[in-house]
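Multiple structures follow.
In what follows, chain A forms one complex with chain B and a second complex with chain C.
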Partner chain A sequence: MQSTKMTLRSWWSCTAMLLLCAGLVAMPPAQAATNTDKDAAIADMQRKLDESLLAIKALSERVRELEAKQTSAAAAAPAATAANAATTAAPAQRLEATEQRVTQLEKADASRKSADSGLPLHGFADVGAGTHNPINSALKGFYVGNLDFYMAPRLGDRTRALFELNTEVGSNGTVGIDLERAQIGYQFSDETTLWLGRFHTPYGYINTALHHGSWVNNSLRRPRFLQFEDNGGIMPAHTVGLWASGTQHAGEGKLLYDVYGGNSQQIVGGGLDMRNAGSPQFNLAAGGRIAYQFNSGKLEGLTLGLHALTARIEADRPVSITRLRVYGGYADYDTDQWENIAEIYVFSNADLGGSSGSHRSNAGFVQFGYRLPWGVPYARFERAVLEQSDSYFAALDGGGSYSRAALGLRFDVDLRSALKLELANTRATDRARDQYGEGLVQYAIRF
Partner chain B sequence: MRSASERRRGYRYWLLGAVLCTCASAALTSDLYVVCNSNVALRPADVREVFIGEKSFAGTVRLTPADNLAAQATFLGRVVKFTADKYASLWTKKAFRDGANPPLVLVNDTEAIAYVRQTPGACSYVEAVPPTGVAVVAKF
Partner chain C sequence: MNPMDTLASAWYPDCARWPAALVCAALILAVSAHASDTSQIRLEQLPQQWQDDQGQALSLGALGGHCVILSMSWSQCHHSCPTTLTRLRRMQEALDQRNEPASFVIIGYDPDQDTPANWRQYRANRGLERANWYFLTGSRQNVRQLARQLGFEFWIYDTHVLHDPRIVVFNSEGSLSATLTDASGDWLASK
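For the complex of A and B:
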């Protein structure tokens, strides 16, 4: 009896084990069956596989055809010596011809893949509404944001190019078109690329990581003091000149560097102009950025950097010349969960045209974002304390001091579109003592 | 009390089960080969960097990676450690920020092998054992 029980127990053990194995084997298909997206992808791949099989069949037929031609040619060759040679050479010739044919087909196929089959055009766009316009707080209601196109043609082994064309609606409702970036570069190695043209001035994190494409940015808008030149920004967001950029492995991370020089910007009509075509008297703007990116360990995802720039800025209203000196630092913590950014800028400007001397100002922001499966909630605080007796800030429309606190939410509608909401409170602290709240919504896409 | 022979038999069944499970999971997990043109010398540790656009050169050779759609999900999960969505998003941002071009997209192993064999600097990945004429730089 005991022995029968034991045998039964062993039998059950064996059965249970086999069922477990069967379950393990069956599990992936069962999961796959529940996933309709995977089914669609598999069906698509199946279709492509069928197409490939058809192509292979066609190739095989073609090879057979060539072989037949080769054989008949060999058979038609007169004279016993030729026939004798053909008996030994024909198999080798056939093999060679087949190999040549296959090689030709492979080459044709490979070149089809790498050929310049037209330049793909990509871009970003956004529209929205708010209790105030996100850029110009004097306006309210619905707004059209940017329609931004970029092109990065495949040019060859080492030459690279990037063009960005942005159409944006100004405060008066007119549509303007800006060539935001036009840079052509030569990549010497992974460590060095040299760019010439108009590029994002490499300072801080967001000026090069984020640009006119709103979709790229998790938050609804940039910090106010880091807005673009034509949106009231106080920093020269673009430079026309020469830029060397690269990375170098260092320890468990990477050292990132940027060095650049170009035309000094001017202040025209209250906004910074980057002198796309040069200036009557060339004044050099120059700067650099150095950062370390941690790629492993507890600090993986953290980048810490320092930056500095200088330029000789002439202003038309009021007429002034300022030696702009900015330095500062930034931190970016970008992981699967977090997107935290902090940047600080210290200005130490000197009045070159008057007698007001030197002025110190500062600006900065900190932003915390947390990535959830459906989107990113974020919080940001920004502040600019700008000396109003500094002719540089006095000449800029956006040169007033302020502070802003914002809470926002990015909701990813799908892979290519995001809905963003932001509640913000802004307080102007010198030019006009004003305080206003904002409720903003933005729909941003990429294509 | 179970006799020693019954215990041994029980162990044998468990052992048999374990072997079956191992075989079953091995059958489900196929190998993935990263292949490059024969002019490319690449370390296995560099493969991920190449496909996320952080490494563009192997010595003086310009790398031109290509994704193989048929094996992409396995490659992204095993080597790049990204989801397909995150991989697509990374390249969108990289193209916009740096003017970098994403890898070409090929349909299957046959296309990947043909491309790698014929294109200097090319790298891709396949699930089938690669034929001669390409360099296998890593197996995952």
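For the complex of A and C:
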């Protein structure tokens, strides 16, 4: 029993200590901050704020007392009211002055915080399961998708920076980390920003609107031919170079424009590589996009755009050099009810290293989505007809022709997580004539 | 075994749980204490320099004297903002029925996208042109400060503004009197 008492005593002592610790944690941050020299200024400011709040409280009580006295006195002797009012006026003025001081302190504190270049951690993650892996159809079962970290420190009024670090699981199960975007920019005006670094190549709509965060995308995955490079995409989704992007009000809508130049990509091991570190011989990749966004009338929410790009692509397997030329257009109808997207790409590639000449191919998709209070059902059809004698597509693992029809549903579990379901039927039409159905589930979050 | 020991050993686990529960409760309180306390905010303590959708300067303090219902929004949002606007419209209808004057203030999260011109277009497209509705644009610093003071959490992912729905209500004295989130009940019914 003695030991039990001792144990209980020690428990309560321990509890008291923990409560004391918790209490210390619960104290205003400024009081804890006083212990560190680094935050002395902040602590001082907070202390002043706390003092001011206490002063306000005391003065408020005093004013209430005086007002109560004034009311009773007024009932008893109207002549005394004037004197009471005069007495009340002084604390009221002090109260007002103190409030102003508190406001100033709050503003100073807020501006200090906003001037911080500290990086809150935000991003996206997704996991899922399916009769086939959504990226690699040879795999089945459960899968880990992406864990995407996004950082955009604001360094000044005009300087901007944007970094996106993505961890993803490869076909062999290994986890890789990719610096998907690393761009630093200068905003010359409200209309134009110039970026330097690695960015999402501005073509079509999806590549610069939906990025890597699965939660942002209403559909479970991108169209196959527009997947990112390491997921089998056939377009150079990233470019390392210089990018000017801007908008201009025009009529009842906006003109959107992008112009860029950078390293020509290469094909290594069946996938596009964007030459993050440059190349022995610089070959320019260049392109642009222009679009008009309707902001009023029946066409409100509609964006129509054109895009083009060219690059000199060297491939290792088979060894080849291709002048990649892509042009096309897109339409996006994005309203409170609809999210409809269509994109088309025409390839007119030239074989620079051999004698196979020029080749024409095309790819495109159309997607309809309808926004409901709880989610978005969608339907998509996509198709790629890619010339297999074109050394560019021959060198890409994902360069085969195909068509895919998909029906899907995004269900918003809560404000920060979404469950997506997709049923799809894919038909490969040249390399390996194959057809398979898919049932996919994805749980995507933002944080 | 001594019956008291049996009793003690039977009682001990429960005893052990109580301190743990108390510690958890204390920690929850501690975390709550650290969370932004918005309960004592007054309208005039918020940043005051804003531009309305006509490009005119507007001070939030000037809207006092009656109820001010404030929310933050992103003009390109098709996710949660339409629901928030619907909720604001319903509040306006209910206040109209009660014949209670109020100002509705919507502050843009992203000054780059939520410009006065874009808000003007937004209002026209959605039929939100009543004179007591204000769609405001501010500096980045003011937007962040106001969001922090009122507990609006948001971050900008490229051209997307990721945020949660939230409405705050200031009474006619200018004091914050209610905070409505997605999970809140009917504010007017409890008013």
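Note that in this section the second predicted complex is superposed on the first by the 335 of 447 C-alpha atoms of A that agree within 3 Å, B and C clash if a C-alpha of one lies under 4 Å from a C-alpha of the other, contacts with A are read in each partner's own complex, and residues count from 1 in each chain.
Throughout what follows, a contact is a pair of C-beta atoms (placed from the backbone, for glycine too) under 8 Å apart; a residue touches a chain by one contact, two chains touch by 3 or more.
Note that the structure is a prediction, hence the values are computed from the model and not measured.
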item: First, second, both or neither for A:N276, with chain B first and chain C second; value: neither
item: Which of chain B and chain C A:Y150 touches, first, second, both or neither; value: both
item: Touching partner for A:S171 - first (chain B), second (chain C), both, neither; value: neither
item: Which superposed partner A:P373 touches (first chain B, second chain C, both, neither); value: second
item: Chain B versus chain C as contact partner of A:G213, first or second or both or neither; value: both
item: First, second, both or neither for A:L415, with chain B first and chain C second; value: both
item: First (chain B), second (chain C), both or neither touched by A:S189; value: first
item: Partner chain in contact with A:R158 - chain B first, chain C second, else both or neither; value: first
item: Touching partner for A:S296 - first (chain B), second (chain C), both, neither; value: second
item: Intersection of the chain A residues that touch chain B with those that touch chain C; value: 7, 14, 18, 25, 28, 106-107, 110-111, 113-114, 122, 150, 152, 154, 162, 190, 208-209, 211, 213, 216, 415, 446
item: Chain A-facing residues of chain B, complex; value: 1-3, 6, 9-10, 13-14, 16-17, 20-21, 24-25, 27-28, 54-57, 62, 64, 66, 69-70, 85, 88-89, 92-93, 95-101, 104, 106-108, 110-111, 114-115, 117-119, 121
item: Complex contacts: residues of chain A adjacent to chain C; value: 1, 4, 7-8, 11-12, 14-15, 18-19, 22-23, 25-29, 53, 99, 102-103, 106-107, 110-111, 113-114, 120, 122, 150, 152, 154, 162, 190, 208-209, 211, 213, 216, 249, 252, 295-296, 300, 334-336, 339, 371, 373, 415-416, 446
item: Complex contacts: residues of chain C adjacent to chain A; value: 4-5, 8, 12, 15-16, 19, 22-23, 26-27, 29-30, 33-34, 40, 42, 44-45, 47, 78, 80, 82-83, 112, 115, 117-118, 121, 124-125, 140-141, 144-145, 148-149, 155-160, 162, 164-165, 182
item: Residue ranges of chain A touching chain B (in the complex, touch as defined); value: 2-3, 6-7, 9-10, 13-14, 17-18, 20-21, 24-25, 28, 45, 48-49, 52, 56, 106-107, 109-111, 113-114, 122, 124, 150, 152, 154, 157-158, 160-162, 164, 183, 185, 187, 189-190, 208-209, 211, 213, 216, 247, 415, 446
